[in-house]
Every structure is written in structure tokens, then in C-alpha cells.
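Below are the C-alpha cells for one structure; questions will follow.
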Amino acid sequence: MAHNKSHATFGRLLLTGAAGGLGQQLRPRLAKYARHVRLSDIADLAPASGPHEELFQTRLEDSQAMLALLEGVDAVIHLGGISVERPFDEILQANIVGVYNLYEAVRRQGVRRVVFASSNHVTGFYRQDEVIDTKAPPRPDGLYGVSKAFGENLAQFYYDRYGVETVSIRIGSSFPVPRDARMLATWLSYDDLERLVARALLAPVVGHTVIYGVSANTVKWWDNRHAAHLGYVAQDCSEPFREEVMAQQVPLDPQDPASYAQGGAFVRAGPFE
Amino acid sequence: MAHNKSHATFGRLLLTGAAGGLGQQLRPRLAKYARHVRLSDIADLAPASGPHEELFQTRLEDSQAMLALLEGVDAVIHLGGISVERPFDEILQANIVGVYNLYEAVRRQGVRRVVFASSNHVTGFYRQDEVIDTKAPPRPDGLYGVSKAFGENLAQFYYDRYGVETVSIRIGSSFPVPRDARMLATWLSYDDLERLVARALLAPVVGHTVIYGVSANTVKWWDNRHAAHLGYVAQDCSEPFREEVMAQQVPLDPQDPASYAQGGAFVRAGPFE
Amino acid sequence: MAHNKSHATFGRLLLTGAAGGLGQQLRPRLAKYARHVRLSDIADLAPASGPHEELFQTRLEDSQAMLALLEGVDAVIHLGGISVERPFDEILQANIVGVYNLYEAVRRQGVRRVVFASSNHVTGFYRQDEVIDTKAPPRPDGLYGVSKAFGENLAQFYYDRYGVETVSIRIGSSFPVPRDARMLATWLSYDDLERLVARALLAPVVGHTVIYGVSANTVKWWDNRHAAHLGYVAQDCSEPFREEVMAQQVPLDPQDPASYAQGGAFVRAGPFE
Amino acid sequence: MAHNKSHATFGRLLLTGAAGGLGQQLRPRLAKYARHVRLSDIADLAPASGPHEELFQTRLEDSQAMLALLEGVDAVIHLGGISVERPFDEILQANIVGVYNLYEAVRRQGVRRVVFASSNHVTGFYRQDEVIDTKAPPRPDGLYGVSKAFGENLAQFYYDRYGVETVSIRIGSSFPVPRDARMLATWLSYDDLERLVARALLAPVVGHTVIYGVSANTVKWWDNRHAAHLGYVAQDCSEPFREEVMAQQVPLDPQDPASYAQGGAFVRAGPFE
Amino acid sequence: MAHNKSHATFGRLLLTGAAGGLGQQLRPRLAKYARHVRLSDIADLAPASGPHEELFQTRLEDSQAMLALLEGVDAVIHLGGISVERPFDEILQANIVGVYNLYEAVRRQGVRRVVFASSNHVTGFYRQDEVIDTKAPPRPDGLYGVSKAFGENLAQFYYDRYGVETVSIRIGSSFPVPRDARMLATWLSYDDLERLVARALLAPVVGHTVIYGVSANTVKWWDNRHAAHLGYVAQDCSEPFREEVMAQQVPLDPQDPASYAQGGAFVRAGPFE
Amino acid sequence: MAHNKSHATFGRLLLTGAAGGLGQQLRPRLAKYARHVRLSDIADLAPASGPHEELFQTRLEDSQAMLALLEGVDAVIHLGGISVERPFDEILQANIVGVYNLYEAVRRQGVRRVVFASSNHVTGFYRQDEVIDTKAPPRPDGLYGVSKAFGENLAQFYYDRYGVETVSIRIGSSFPVPRDARMLATWLSYDDLERLVARALLAPVVGHTVIYGVSANTVKWWDNRHAAHLGYVAQDCSEPFREEVMAQQVPLDPQDPASYAQGGAFVRAGPFE
């Protein structure tokens, strides 16, 4: 893969969770933003696509390893951790201990910018006929959502206290195409994901900014007005998929929170006993 | 007229006020959304355009007839009633008794969705240099506007109490083209009207949602942010008509509420004594 | 009863619904605000307590009689109509036709101020753990609540169009003492009712002001900040009755809207079929 | 100590953190609200003051022990955990794992109400010249504050998902008397603490309500309007202590966040390395 | 007059406009807050009441004299300038050039706190049935009001740029007793004026805070919630004067802005041609 | 230059500051809106391009000359005055005395509409990660910004008192192309400037409307929702210039207000001593 170093803005970008679904999508796209792209996951990573890639197998729970991972890093895109509802112990290690270790390493290594993969499940218990903005109080739809709210609050603290800047992206549903009726509202295309990550990395002043990660779908539950300074302009839209999606949609029970809550099926995941 | 049953979403849609100005526009457009389109008015209706159309001559004031009209209906588009300022007795029967009869019939027949033709005249006493959203307190500009607010409140009650969902569309000025300076802001093209009605029918979760029915005009008095979940995207715009409209516009007296209030001439209609 | 004309502010006050529960309470208290107190009801009124009282038996539905009733009146306190959930026909006549007749008579007779007995049931479907203000969108808990919202909207229109000023008092629960747990929040003592009516009559500029009618109870669901210009300061409080009330309170089912909605049992009254 | 069972509202109340500063204050005051008062701490508890007291030495991190602790409990006042800035590992165990264990035990044992001792340090990075309400986005001033925000979000989730009601009290500074200039704003007397806990326990409908725990001090940073339904009325005030406090106040550096942030010295505690 | 130096908080306070109506009231009251009280006016000042008073005759328009006046000053109460509607040239010199000279001198002399006598006439064109807070956009009722808004904006700038803190007090009507119906809402007793000035001087963190200066009148047009951190608690109330005031009140014309605007007669003062 | 009188809306438009940077841009563009274009500046103006142009050399500080200048004018675009940070004396004369003279002349000559060139520096101390609307309290970044806030407040007063309508355009950075990173957010192309001025002149009802003057840049700090009634739709965008601009951008110090404040370098201009 050709790597055009001449336009790279960052010396070294770190991508955690690089072996996951979104990590695999973002990995090749980051080359144009940095001379060195450091990749980290606990799962196996595909071999480096060129000399600009640096591969690390680091557990988020390992604070010393995290400190090493962040060395020499200019900015980090933190996709690492668990991205679905799971038993608390798993969430605790990956998404709470892990994100703390990340921020401590960021602070100690002098990294100035974090792009944090938060989730729409921070506010999943709002209804689908409510339109909320990023200052609406959290209504998480599970332990996963609670853990992402924890990450956002930690990001706010590290900014207020230590000046570390973060963009918390409350990712909607990032898949190749929308899969069901709910995703007509929540879909984030991979190209729009890249656009948003790029803006989050490059905007000159962000403090701690929260933004919903969603394409330019016509059905909107989320109002990103407070994040307009990022300059994110989605260019994809779920609408072309509507007919196909609706043809396959199973009927929804209007009394079921999974039908009317923004979080969809997440609102009835667990508990794991 | 060809009627493609294969894509129809609804078994039976009811359109009240089908003989009126907007009713005539919507009537042929509804065929693609339902296998059966029931049409009702007190005035004569044009003959059925095909076997999918069912014609009823029903008075809104007749509660028993309304109960029969709603039988077997999946969703109703309620354009029926009076749509201009008139003496109170007329408004009372058509827009107050009539809308109550409609909702009672809806409730008793188990209809789950209503699209209610409300009006911008619910808020006609706001000024043309104010931009309001759908939560601004009503400022009706006449008895007609008061009656439409009554309908909206009734819709809210039937949702909170009985789970009947409604989209109340505060229709601007729906004509083939904008007719005067005010309509450059308030114009709703017939195509956009259909788009909005379709979204109101098809959006999976609406509770009771209020939305202004207006095209994508550049001059905007109404902010539909709270209804973004409907996914309505207007595609027409009054701007191409500006030059012609302004050339014919009679001068406005800046001291006259009819010049500066959003409701225009409605604010000085009546009283009828 | 002695009637001190020297301090009376108004020449003639009209009290409608004077034979009702609150009407009987207010009747003797009004003497100090006006030289003449006109009393109206469809039920029998107690004989005049002095020459300052004028007794009328007027049906709100009778527009001509209403016009005569308002003649020579400076301000009106409109308690007339139905104050509980009832079949629609009754509500329609008393609270919709009746309030229209009132305002038309007010307009034609040049009366400048109305104190309108609205109701907390205009917003009865809000929850008891929500604190709302007077600009929150209506969520009526029944046809009665819908009819009171109609009256408020009509009042707004008559102010915007004709300059008739109104204070709409959303009365809580006005009884000698609070009767159940809900009334610890909603109670309005008779003395506070008088204080509020007096402010509503005497405040120099009110336009159309909406205010919740409630004593200085410690549990508050309603925020009257937008009506602070009235200068109403409640002096009674439900708290001294708490122990006795709670000792007799039947257990509440937390799943029952009648337990958690602000409107209490009203939210499940009706329908009357 | 005399224990008047006749007025007790609850069968069994649980107080965690009963050996701590506030726990010792609340312990004897709870007797009048419940027939049985269960007390828990990891530290030694003073001997039971009567047969109504049940003593447990339970670690919050021990999920099985927590499950046992909650058995037969009607409502719980959760003061347990760490209440100052500490290294993350300690915060993690006591305030994150601990509060999760609490809510899981609450859910599984069918406890319906939690009073959660949150903290003003959830919003400690707001300035002392800002007045915030309980819907303002969190700005925690340390890991402790972040952990309390975690608890609030968990409480919200357990309400939305499982119907467990919580009042999260963001306690200011609860000491016998205010100790410095900042506490003139943040002081919560022990008597007012009891008043607030009582309201939090007894209010009939709370969902998840957040309230700042503060006395009726004249200097106010926190606006509890959204919690007015609790009926909490503080009766103590820091003002009588002003002169003495200010005489001993060391000069503040206006450039130091510890001087101008609401969290005071917390904003520069840690990191612990 | 006895001067208790032992409790004085400030070394030297400056009072400008000390010969004016409010200046004369505040002058003797300041002794208890400072060891030295510097007094300034262009009019003659009464002789010093003791060695703690320093008398200056300084024109606000004289920038060099202002620089000298501020030397050695810890905090300044700026009552100087014009306090009624006057021709623009007078307003310009006293209230625009003058307040600029003041802030420049404050900046250059290192004074850290200003108490600025602003005016309710900054927002005098709001109606008397509107309740506004200190963030409502200005609607000045004359050149005087415009000049006071200028002073507030300058204060904001000197805080944001140079860290000079200001409390801008939008004084209502500060007289011995309320003089007319409007002042029942706007009255600020001299004792409450002192209380407010003291809080403005002594509050530890104020940035630039705007507050309406008004007693605890029952009729309220102004909501000081954003200034609650000052801890100002008014103790006087206009209500005891109501009867006497209303007995002498001339009838108001409801169509006259001077009757319904908050600024009263100011809204029709001038223009001076 | 050809001048098409047939479509001109205004009889006579006045452009002040016609010799300045923006004045030179607007001058030739105004011909299509008016039969006569009056131009004024203290600097030399280029010769009239045709008989429709009238040239005046008028000092804003000269009230008599200003009165003459406004004679026969239908609407005025006021670009005159100083548009950068300068010593107070200069600002005072041009932007405070000058704008007062303008409005007095407008009032006395019966001109009904003013387009006032205000500035984004009225709110320059907000941060670049904040998105503000036109009702956010001013935070001027210098004396220039304070003077523009003065002009806006004066405009509000002349509307409330005398019915003179104004659109205050808070101009961003109007240059041929964006020059630095900040201008990617603040750039206003000359074509969009004309579009906005045209809307400000032609909108039928504006009262006093404030709007930020900015192109359709993707990075947005300013929310013009309250001015949507003007119908301004920007058509240019800074994004095509991003790469070139960023390649030349000098590194920013994140601790420097000039880097993170919206006003950019203005926030550290002056003082001039």
C-alpha cells in the first residue's frame, strides 16, 4: 500500500481495538493522516501493510503496557474494549479499567488528543420519537452504555484537570449497510466514520466535545448542534436502503421498549446471571 | 389508474375531507400506500377511480356514522372539517365535535395511527420576525386556530391515555404555487404534502408528534427540530416564485398585524356577528 | 354582612359558577373588592347577603343571556362550567360553548379583565417526579382537561386580537384540607385561592398569564416563575396535614398512572359509553 | 434508646457505610422511620442500640455478601464506599464494583428504593460564579467524582430497565459546622441531611431524581428546581458561621482552580503515582 | 461617627458619585467595610466624617484624574455618571467616556473588583407581564439604558481580557419608599442596596456577574437565579406601602408603553432636540 | 456600468463606509436594488459609475451633515466607522458618536430600515469549541467589539421606541479567500455578503434582527436559527481552501486565547497606551 508521508499531519497515531470490526475499517484509512500508525489489540492483527504500521498486542487492563503503548504517540483513536452488552466483569475490565489506563498513559506521555469511541447506548433509553442533543442527561440502556458514560466523564475530567482534549463519538450503527428499521436512523457508513474521525483529530480546538456518530440519514434522533465546530459533514444516507430494509423488517411490538427505545434490542439485553 | 397493491403498507387508509382542496390532491396519491383507500366527505366525491377506493358521505358531527366509517381502518388522514375562519357554530360542529367523534371512533375501532391536519394558525399571532418551534405555547389567530389547538390537545390525550398515535401537521399554505409574500415562507407544495403525510403514516414511533407542514423555503418561521424523527425532507422551495410573487404583492402596512403576524390576514378575520 | 364600599376597586365584579364549591367560598370574599358583586349560576343561589349582590340564573350556553349578564361588568371571575370528567356532550356545552359565549360577551361589553378557572388537569399526564412550568406543552388527562386548555387558548386569542386580559389559574385541589397524598402537592387553601384571585384581578398588566393555583406546599410539581409579575404569595401549606393524610392513604400501585401521574385518579376517569 | 415502632414507615431500612462520618450521624436518626434498621460497614460498628438494629460487616466488593445483605430490605441508604479522592484501584473497588453489587442485589431482592450518596464533586469543575442545576452535564473534579457519576448513571439505568427508584443526593459538605469560605455555599447540616434523606425515602414517586444536598445557605451554586417534587426544605443556614469562618480563612489565589472551582481543593487532589 | 477599623475587609474603597442620591446613602455605610473610604464626585461633597474618609472632586471624563483617583484603591463602587435620560452629549461624556476611564484606571492601578451601578433600564422595553433573567438580551428604554449596557459590556471585556471582576447591579428604584405602582415591583430599599453592595464586594468569585438590584417585593419581573452565588438576600418588601401607593396612583392608559413596559415613564423620555 | 432601473426595489439606498474594503465590494452590487445609490465616506470615493450614484464625503461625527446625508434615503447600509481594534478615542468618535448620529438622522428623516455592519467580535471571547446563537450574552474581545454591541443596543432601542427596523450583521471575516485556520470558520465571501445584505434589505418584517455574517462553511461556531426568517442561504464555503490555508498556518499555542477564542488575534490587540 502506498503511503503518502508528505501530507501526514501527525507523526504517530495510535489506533486501539485495531482488530475489531471498526478497527479493521479505519486501519488502512489512517495512513494518510500520520507518518506512523500504531495499532493495538488483544486479538491478532493482520500483518503490517508497510513500514508505517507498528503492531502491538496490548491488554487495556495492563497499565504498564498501556504506558508503553502511548509512548511517542501524538493522538489516539480509542476503539478498544467491549462494544456490546456483556457481564459486568468483562465490561469492568475492558471499558472501565481499560479507559482509565488509557487516560493515565495519555496524561503521562503528554498525548494531547483522544478520539474516544463512545456509543449511542449512553442515551439508549430515550424514545424514538424524542430528538435529543449531546447535553441531554444520560439514559444508558445497559452496563455497556453506563461504561461509555464513564469514559466520557473521565474524558471531561482529564480535559478540565490536565488539558487533554477528547472528542467522544457516540457511534450509532456502523456497518456496511443498515440492517433493520432502527438503523435507518442510526446508521454510520464507514466513509462517514472516517470523515468524523478525521475531523475529531484535526479540529484545532475541541476541549471535550461529544458528538453522535451518524450519517446524514433523513430520520434523525440526535442533534449535533453543540458539536458544529468540528465541521463534520456526513455524506452518506440510509434512505436508499429503506425499501430493502423495510421489506425484511419483522413486525415490532409497540409495547416493547426494544421497539420504541432508541437503543433498540440493547434495552433488553442481559442481565447475565 | 393503476394500483400497485404489492407495495401497499396499509390494508385500509381513511381520508376524511376527501372532496376538499387538499383532499383532492392526496386522494390519488394514497393508492400506493394501501390496498384500500376509504374516502369520506360531506360534499360529493368524484367516482371511485378503481376497486381500491371506498366512498362514504359522512358527517363528522354524526358519531354513529363516524364509528362505522372507522371500521376496518388501519390509519386515518383527517383533513375533514373547516379550514378557514368561520362563525363559531360552524367551527364547533366540524372541528370540535367532529374531531372528538373521530378520536372516539378511532379508539373504539382500534385504529392505531392518525395524521391530523392541524394548522399554522394555531400559532398565527407570533410575529414574522420570530422563529418558533413546535413546543412554543399556542397563540391562535382565530377561532379556527383555537379549534386546531383543541384537536392537537385531544390527540395528545388519546395518546397518553389510550396509546393512539398521532402526527399533527400544522399545514402552512398548500397551493399549487405561493400566492403572496407571506406564502414565500408558508408554502407547502402538494408533493411535499404527500411526502410529509407518508412519513407521518410510516414512521415507526411517533407518540403525538407536532410538525409544521412547509416546503424547504429559504424564509423560515418554523423550526421542526423536535420532529426530526419523522424523517420528513421537503424537496420543493418557494424561491423560484419570488420574483413573480413580489411583483404582484400589494404594499403592506407595517402597523397592521395582518402584515407582521405569521397568520397574515387570518389575524383580522371575523368576528362574525 | 357589612360591605365596606370605600375600599372597593371595581365597580362591578361578576362571579360565574357562584353556587359551586369554590363559588360559595369566593362569594362573600369578593365584597371587599367591588361595590357590586354580580353572581351567576344555573343552580339556585343563596339569597343576596346585601344590596351589593346581584343574582342571575344564567346558562353559559345561552349566548344572549350571557351578553346581558356581562353588561356593566368591570371584571369577571369565571368559575362556571363543569369541573370534573364528564361525558363529552356535557363538557362541550358548559366548558366549550360556555367559555366562548363568555368571551364574546366580554368582548362586546368591553370588559377588560377575566380570571379564568382553568385546571391542573390541563397537564395531568405529566409524572409526579417532573416539575413543569406554565409553558410546558399541555398533556391533558381527560376531556375536562382538554376543555380547560381550550379556554386558555381562547383567552390567549382574545388578548392577542382584542386586548382582553386574562389570568388563567390552573387550580390544583381546593378543599378545606388536603384529602390524600396527592393533595399534599396540589392543595390550594381557600384563603390562598382568594389571594390569588385578588392578584389576578388587581395586577396592572397581565396580558394572558397562566399560573398554577396552589398553596405554599413543600412538595412542588409546578413552577410559577413566568407568573411572578402577579405577586401571588401563598401563605398556607399542606405540610401540617401530612401525618393525618398519610395515615389514611390507601397503598398506591406504582404501575398505575393514577398513582404516578400528576392528575391522579382523573387519568383513568371515563370514557363514558 | 427508645424506638417508637408505631410510626415507622418501613419494615427494614439498610444503611451502608454506617461506621463512617455521616453514617454515624444518620444511624440513630433512622430508628423512627423503620421497625428494623440494618447497618453495614467494613469498619467496626458500635454495638446495636436496641433490638431494632441489625449489624453486618459486609464488603461492597463481595457480590454474594451484598446479595445477602439486601435480603428482606425495603429501602437502602447507600453511604458506603470512598468519599474522598483516592488512587483509582480503591475507587474502582469501593465505588464502582461496590455500587454495581449494590444495585444487582437490590434488583434481585426486589428492593424498590435507593437513596444514593452521590457528591457535588460530580460537577466540581464548574466555577463558583456559575449556578447550575441537576441537568447540567457532569464536570467531575477527580476520580471520586467520576465514580459518583458512574453510580448516578447506573441508578438511571436500573430505573429505566428494572423500575428501581433512586434519589441521588449530591452531598455538599456535611459537617457539624462550615469550616471554610467554600463551605458557606456547600454546607449541609446533619439535621438537613436527615430531612433530605427522609424525603428521599418517603416521596411517593421519584423515578431517578438527582438533588444537591445542601442547607438553606444564602450563597447558592446549585439549583434544585428539578427536584422540587421531593419536598425537601432545608432549615439550617451557614450564614451565622460566616464571621468566624472568614476570620480564619487563608487568602485564596484567584488564579488557582482550587479557589474558583466549585469543587475547591478536590480539583487539585491527586494524581496518586 | 465611630469607625471600627478592626472588622474592615478592605484597605481602601472608592465610591464614585458620592454626592448623588444613592451616594449619600451608601457613604456612611461603607465605613464598616474599609479602613479608608475614598469619595469622589464633581459636585460638592459633605465634609469628611472622620479620618477614614478621603474626598476627591474628579471628573469622570478626565482620564488622568481618574488614574490618580484609583491609586491605592482595593475595590470601587461606581455610582458616578448620569442616572436619568438626558441628551446624548451628556450621556456620552459621563456614562461612556467616564466608565471607560474608570476601567482603564482600574486596570492600570491593579484594582481587582468593581461594583458597577447599572440600571433596570437596560431592559426597560420588556413588558410588565414578562419575567426576565439576567441573560435576556438587552432592550434598553433610552440612551441612558444603552449607556448602561455599554458599561456592562465593557465590564465583561475587562474581565475576559484582564481578569478585573465586576458585579453589575441593575438598580431598580432606590428611594426611601416606593412612589408609584411600578415601584411596587422595582423598589430597592437603601438597606437592601447596602446588603447587595456588600455581597458584590465580598463574594469570593464573581467574574462578571449581572444582578437586578431589587428588594424582596412580592411582584417580581426579574429573576436573579444566575446570580445566586452572590448570596444576596433582600429583607425589605414594598408590600406594606401598597395601599398608600395605590390610593395615589393616577390611572394608567393600557395602550401607553409607559404603562405596560418595565421601564415605565423612561420609555417615553426624550428625544431631546 | 449598465443600471437596470426597472427592477430596483428602493428609490434611494445609502451606503456608508463606501470607500472601505467591504464598501468597495458592495458598491457596484447595490445598483440593482435601487434607482439611486448614495455613497458616503470620509476617504475619497472613486468617481460615480453612472448617474444613479450620489457621492458624499461625510464625517459620522458631524450630526448636521449626517442629517443631510440621510435626506431622501429609503434604507441605509451602515459600513462606516472603524473595523479593527484602535485606541478608544477613535472608536468613540467613529463607532459610538457616529452610530448615534446615524440613528438620529434615520429617525428624523423617516428612514425605515438599517442594515448595520456589526461584528463577530461582539462575542469574540467565546471559545472555538462553543457554538453560540445570537441571543448569547455579549463577550466582546476589545473596544471595537464593545462599540459594535453599543450599536446593536442602540438599534434595538430605535426599534422598540421609534419603529426603525435594523438587521445587525455580525460580520465574520469577509475577504476574497480565507487567510488562516480561523477563517475556515469565519469566512464570508463577497457574494454571500451581498446575498445577506439583500435579504436584510428586503425581508418584509425584521424588527431588530441579529445575524452572524458567515458563508456556508463546514466548521460552524454560530447558530443563526433566530434569524431564519431573513431567508439568508449562504452558497459559498471555505472548505476548498482548507488544504492551502492549513499548509501555511503557523502553529498555534493551545494556551493562548488568540488560539482558542473565537475572536482570534483580536483578543490580544491593545491596549494602546
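Letters are used for the chains, namely A, B, C, D, E and F, taken in the order the chains are written, and counting of residues starts over at 1 for each.
Throughout what follows, a contact is a pair of C-beta atoms (placed from the backbone, for glycine too) under 8 Å apart; a residue touches a chain by one contact, two chains touch by 3 or more.
Chain-to-protein mapping (UniProt): A, B, C, D, E, F = NAD-dependent dehydratase.
Note that the coordinates shown come from a computational prediction; the quantities given were computed from them, not determined experimentally.
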Problem set entry | chain E (NAD-dependent dehydratase) and chain D (NAD-dependent dehydratase) - chains in contact with each | C
Problem set entry | Any chain that touches chain F (NAD-dependent dehydratase) and chain C (NAD-dependent dehydratase) | B, E
Seminar exercise, completed: chain B (NAD-dependent dehydratase) onto chain F (NAD-dependent dehydratase), same sequence, C-alpha superposition: rotation to the nearest 5 degrees is 120
Exercise. Taking contacts as defined above, which has more of them, A-F or A-D?
Worked result: A-D
Exercise. How many Å are there between the centre of chain E (NAD-dependent dehydratase) and the centre of chain F (NAD-dependent dehydratase), using C-alpha atoms for each centre?
Worked result: 33
Seminar exercise, completed: Chain centres from averaged Cα atoms put chain A (NAD-dependent dehydratase) and chain E (NAD-dependent dehydratase) apart, in whole Å, by 51
For this session: Go through the chains and record each pair that touches.
Result: A-B, A-D, A-F, B-C, B-F, C-D, C-E, D-E, E-F
Problem set entry | Of chain F (NAD-dependent dehydratase), residues touching chain E (NAD-dependent dehydratase) in the complex | 88, 92, 96-97, 100, 104, 107, 125, 135, 137-143, 145-146, 149-150, 153-154, 156-157, 160-161, 267, 271
Exercise. How about chain B (NAD-dependent dehydratase): which of its residues touch chain A (NAD-dependent dehydratase) in the complex?
Worked result: 112, 163, 203-207, 209, 225-233
Exercise. Residues of chain E (NAD-dependent dehydratase) touching chain C (NAD-dependent dehydratase) in their complex?
Worked result: 127-131, 181, 184-185, 217-221, 223, 252, 254, 259-260
